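Same chain, two partners: subunit A is paired with subunit B first, then with subunit C.
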Partner chain A sequence: MSAQQSASTAVQQTDPLALEKTIASSLKAAFPTAVKTANVVRRRRMRIECIPEATLDVLKYSKNQLGFDHLNYITAVDWGKAFDLVYNLWSIQKMVELEVKTKVAHGEKDELVDFPTSTGVYQAADWFEREVYDLFGIRFVGHPDMRRILLREDWTSHPLRKLYDRRGYPIDPKLGQPPPQTWRINEGKLSLPKKWLEEDPEIEENILTLNFGPHHPSTHGPMMVRARLDGEIIIDADVVIGYLHRNHEKLGENNTWIQLLPYPDRTNYVSPINWEWAYVMAVEELAGVEVPERAEYIRVIMAELDRIQSHLMYLATAGDAVGQLTGFVWGLRDRELVLDLNEMVCGARMLPNYFRFGGVNRDLPKGFAERTRQVVDTVEKHLEEFSYIYEKNPVFLKRFEGVGVLSPQDAVEWGAVGPGLRASGIPFDVRKDDPYSVYDRFDFDVPVGKHGDNLDRFMMRVEEIKQSISIVRQALKDLPSGPYQGKAPTLSIPEGEASSRVETPRGEGSYYVVSNGSPRPVRMKIKSAAFINVYVAKRMMIGQKLQDALVILGTWDPVLGEIDR
Partner chain B sequence: MNTQITLTGIIVFIERNVYLRFLLVAIVAFIIVSIGSLIELYIERKFWARIMSRYGPTEVGKFGTLQLIADAVKFLVKEDFSPAAADKTIYNLVPVFSVTVSFASLLAIPFDYTVASLFPSSLHPLTFVASNFDPSLLVAFGFFALEPLIVLFGGWAAGGKYTLIGGFRSAAQLISYEIPLVLSFLSVVVLAQSLNLFQIIQTQAHSWPFAVLAFPAFITFTVALLAELERTPFDLTEADTELVSGWNTEYGGTKFLLVYLSEYIRAFAGSAILVSLFLGGWLGPAPIPPLIWLFLKTIIVFTVLVWIRAAYPRVRIDQMLALGWRILIPVSAVWLILTPFVAHVAMMHGALA
Partner chain C sequence: MSYLDELRGVVTIIKWGQKNSLWPLAFGIACCAIEMMQTGASKTDAERLGMLMQRASPRQADVMIVAGTVTKKMAPVVRRLYEQMLEPKFVVSMGACATSGGPFRDLYDVVDGVDDVIPVDVYVPGCPPRPEALVYGLMKIQELIDAYYEENQNKPVSGKLEAPSVKPSLSG
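This part shows the complex of A and B:
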């Protein structure tokens, strides 16, 4: 969303920033000395800065008193002498985003810095803190499981610190360590019920630990699920990720803004367009670029088509997870149709590289509208066919209905986003709650589930395909003429920071970019939806049967490119 | 004239030697099952592919018919590999036993009669029929029920965790689905008053097919058979998305070929038993040779199994056991108790001879 548009919506309402101002003033009032600044960036987005000692109290207050119940991400920015530690919170009730920033000083060398953990406030902080520990070397004291997550266990350095180059070697060899030559996975300790250990101290060796992956049909990529089994029931589970880690965030710091345009495609290769949008939107907000109306409509059409094909991919893998291979092939068959449209528009099927700052790469080709209408008609018709092997099929219902129930409280507390969160009854959709681009002009529903079970999570995808088809039709009808590319800077992006929020098929995805005016970003943080969803899936697996656990993991639709980045 | 005398001599010799007769049966059954499993594999790949809106094999041979041969050759020339943790003796023997046992259950199915009936009656074809012995149904099932035990051994001996879980699932499946299977065919035995498959088929010549007379048993038998054949929705022993390939994960090359082949031989045997028990075996209205009838029916039954595979996902292990113990066993047991009365009523109305 461009700054002008948000300003124009702000004018229309009486006092659009009233809510944000109240929150800011109440934070100021509660912490007169601890909160240094409290700014309203724009509508539904505010940023506060506080002293490190009071950060936990501010978080607690924000969660309990102000209703910021959803932790989006935790990340850090290295400024050479100190980190900016950033907590991004979201209030599902008030629909406001709150960014809590604090300074953590660090030495010249690559040494660990201690900071109190926030897992006591937000359970979702578990994996985010591990990631920050892994890449920045901030050790969160009191964290239940403080070990690396994206890098290997034997890695000694923290590559997102500025003292490392893009290959992970220290620029000054005295200050840091080079990458290790060994290879050990992040093997966490799996626990057993205390009662069992008391009864039989040697039980540790007699319990089967099964490793699913990293090469396994059900993990959707190189990911490992370690499960401790009691018969067919999982007592404890751990998910090992990082096999596909390329450190996109470090790549972000070593390329110019415009060079980074193709990278979001590789972040999530199943829904590339939405991720391109997330990156482009963040940079546009930072540079104050205005996007022409036609470009916005083209973006909406392409993003919704992208959502359709990504969800079709989910319908395929949902079948695969329960041995329904017919559905698998059907899903891929229909996805091909949408990928053909991608090819028609931008020449590539999977990694389109279509969005540009201030617009798109090229205009829609001739005959695109008719072809798209045909494709969405076909997909809509095929959804009916799908229903016979899926939601109307008794055996499929046996595997999906009432299995893997996630309560709304847990869903929010564990940080779930996207269709999985909505299946638990929380109607959080960025397109509705924090509308970007021209989404406020379209008439569509946000499907919400009742039970939060596998079937609901499955049905969310089916319903969202229908909604996306409706949006595509509306956008094609209203598609305005005009330029498809606005004026945009190529090299120099003004100093500052910005973050975007996009409803990707797997949930809210966002780019947090920091610029100091140079051609390269200081920091490019990718908030992955699948990353936190897999954490939720891991929590849900415990206590489930072996067969159900993998179906549950599947309903969160993990894409390893996005999880590992 | 001379040749005829010699031929008669040979016939008499074979007739009198029970071992030779069984050897003949074995050869006949081997030829039939070889052709049968090739056709099955082709149907599995082509019919299933069409349901999925794929093409299946197209490149090797006309309509991809030679693809199976190409696959077999590929498996045969692969390295003979065995995992370090495996119990080598059992691990290597399991594929061999698997094929042998699957094949052995075919001996009791009267294929030899259908072949013999192709020859003129002057050769006294019926005297060749070795499968016409009294408890032939029990023999067929005896061999049929051995396979899950071999799967358990195979899973254990391969020394992998996936194979172990697959093997134990198979043991659970064996225990819970053998019972409804036997209870279901017992009601057919009551109707036909014989444990001889030959007799059971002959009885159906003068009565309605047992699929109609013993409809509930037909349904429970089919479901239990699906589980016994370890096919979707009961393919938990090889659940490919959970256990990679289940109990045969660690089997490769020629060993895998044998394991794979034994599955289809078993499927053929199971379908043939189903056809013999419930669908009248070689009997049919049109003047087609009995061999073709039996073969055709068996293949059609198998095609239905493929269809079920295409339409249904896999059930969970506890759901499968619950279906076996709580539904199939009570239904088939109750039906077995009711069968004498049904037989009585059917006889009064001429539906059963």
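This part shows the complex of A and C:
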């Protein structure tokens, strides 16, 4: 929505942006010199710019006085001479988003830039800051463990800076370092966390460090966990990710907007359609594209089917994690039904590439509605069968009930999103709290857990499948006729920046895109839900028994494509 | 006379067994891994053809299915796993990424094809390949196993069987 539109609606009746304006003005009042601008972008979204020295104070004030308790992400945008350092905060009580931006100057060469850490304010900043350090070379002073997180540790460059091309070579060879070119067995050895190196050697004697991964059947992909064991108890854990870092963000800067359409599928290959939606929604906001009503309904149907198949995949892998192979086969069997629907709609089974700016690729085929109704009926019937091998099975309950309890305070502080956060009793669902598309027209519940244990996180998925089935039925009933594709730009996207929020099966996913009016984005940041959920899982493993650690990790449903991007 | 000649009957049985019970390394990296799982699940059920009894350990596996994009961080691991597998071993490169880098070609952390790291026997195209395509690729491996034993049948006894050669500049 443009500024004019929002201003004109504000004049009419009661001001819908009253809360946002109060927050923006109170920030401006608290920091009259430090906060340069404070704008309301649209409903539930504000953006402020402040000077670098005051950033930490602004974050502290936002958290303690204004209730922004959830850190969504930290990222940077390279403008050649300086970085825009972006902190994205969210308030679960007020349901508003705040973007704090600050400028950090950097030299021509690829040299590290220092900036104070915000881990003292938000604990979730830990991994986000490591990621920014890894890809941009901003060193956060005071961070407890400033190591590379995604790239191999023998990298010397920071490839998301603009002075590197897409292959990681400096455009001017004098200014930067080339990437490593070899892959011998012992290359890229991992370093230990700083805390482990400083440990007392006497304690060291009784501790076993156990590695599992990156090739391990229970880590859901190439991920490595290094556990410090005292007997059977994990006293500290380090999760190594980045084995599937496919450079989606650099790719975003090197392709045109429309060329990027197939890539969100591959960001999270278990729930591709929700991620397509996240990307398409961000670009639509930037370009001000209107989406026809029929297209919105088609999108809802496809996204909810996508959620069903993604959660069925979770039901399958949850069985796999505790040796319940029947569940594994059953989950994949039901998932096939939804994949067949994908194939019916767009020709591809798994990665459909179905959404377009302003609509969808093609209309729903003949017979789709009947077939979909049959499929959701079948899935609903099969959920009953699943309950006999899962939540009504005493052997399964032993591993899930009361194990891996996450308190609501920790869940928020560590930045958890999605079913895991809701299992801890916090009813935060983007579809309800920040409704996008036509979700406000459907009648559905947000399931919330009581205990925050493994079983609650498991049951969230089962309940969400039931809710999704209900949404699909309602949407099929109300499906309007009309065009399925609106008017949309092909090449040039207006200057500006936008971010989308979508409730993906693993939590809130978002794309933060910055355009300077050229056919290619200046920056495309993917906010991954699984990334921060794995961080939460890592914190949760500490104090647990070794055999429970992988089950806990599994209940967060990690998908490595989304974690590493 | 070759030792294999003396043991011709045994070799026939080994060949028959190996060909019809391929044990791939359960080695999912990215999107293709999901299709690989789906290949082993009920609809396609590659196990009824004796070809997808996935093993978690490279020491028990005959075939490595590289299912996904190999990054520079992952490449040393792939290489190590390959070298831990016992002879005779075969490699299937599943999907566009493992074959050539696919949609992620020419990016800073992506290896442009797993054949830069380990030798590949069969390439399965697709992004990701359908389960049927993977089954076809594994049937090609069965043909290769036939050829492998025929080729080595009359070789003189010289210690171990020859390993496939690797690009010298990249070997570890």
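Going forward, the second predicted complex is superposed on the first by the 527 of 565 C-alpha atoms of A that agree within 3 Å, B and C clash if a C-alpha of one lies under 4 Å from a C-alpha of the other, contacts with A are read in each partner's own complex, and residues count from 1 in each chain.
Going forward, contacts are C-beta pairs under 8 Å (C-beta built on N, C-alpha and C of every residue); 3 or more make two chains touch, one makes a residue touch a chain.
On a predicted model such as this, the values are computed, not experimentally measured, just so you know.
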When the two structures are overlaid on chain A, which partner does A:Gly221 contact: first (subunit B), second (subunit C), both, or neither?
second
Chosen between subunit B and subunit C, the partner touching more subunit A residues is C
Given the touch rule stated above, what does A:Ile389 touch, subunit B (first), subunit C (second), both, or neither?
first
Name the contact category of A:Tyr263: first (subunit B only), second (subunit C only), both, or neither.
second
Under the stated touch criterion, which partner chain does A:Ala321 make contact with: subunit B (first), subunit C (second), both, or neither?
first
Could you tell me if A:Thr555 is touching subunit B, subunit C, both of them or neither one (first, second, both, neither)?
neither
Just subunit B (first), just subunit C (second), both, or neither: which does A:Arg246 touch?
second
Go through the superposed model and pick first if A:Leu546 touches only subunit B, second if only subunit C, both, or neither.
first
Tell me which partner A:Leu210 touches in the superposition: subunit B (first), subunit C (second), both or neither.
first
Identify the partner contact of A:Glu336: answer first if only subunit B is touched, second if only subunit C is, both if each is, neither if none is.
second
Common interface residues of subunit A with subunit B and subunit C?
216-217, 328-329, 333
Could you list, by residue number, the parts of subunit B that touch subunit A in their complex?
48, 51-54, 161-162, 164-165, 232-233, 235-236, 239-242, 244, 310-319
Subunit A partner, complex, touching residues on subunit C are 26-31, 33-35, 37-38, 41-43, 56, 58, 68-69, 71-77, 79-81, 83, 103-104, 106-111, 116-117, 127-128, 130, 170-172
Touching residues on subunit A, where the partner in the complex is subunit B:
208, 210-211, 216-218, 232, 319-326, 328-330, 333, 389, 393, 395-396, 398-399, 545-548, 550
Which residues of subunit A touch subunit C once you look at their complex with the stated criterion?
150-152, 159, 164, 166-168, 179-180, 182-188, 214-217, 221-222, 242-247, 250-251, 262-263, 266, 269-270, 313, 328-329, 332-333, 335-336, 339, 349-351, 560-561
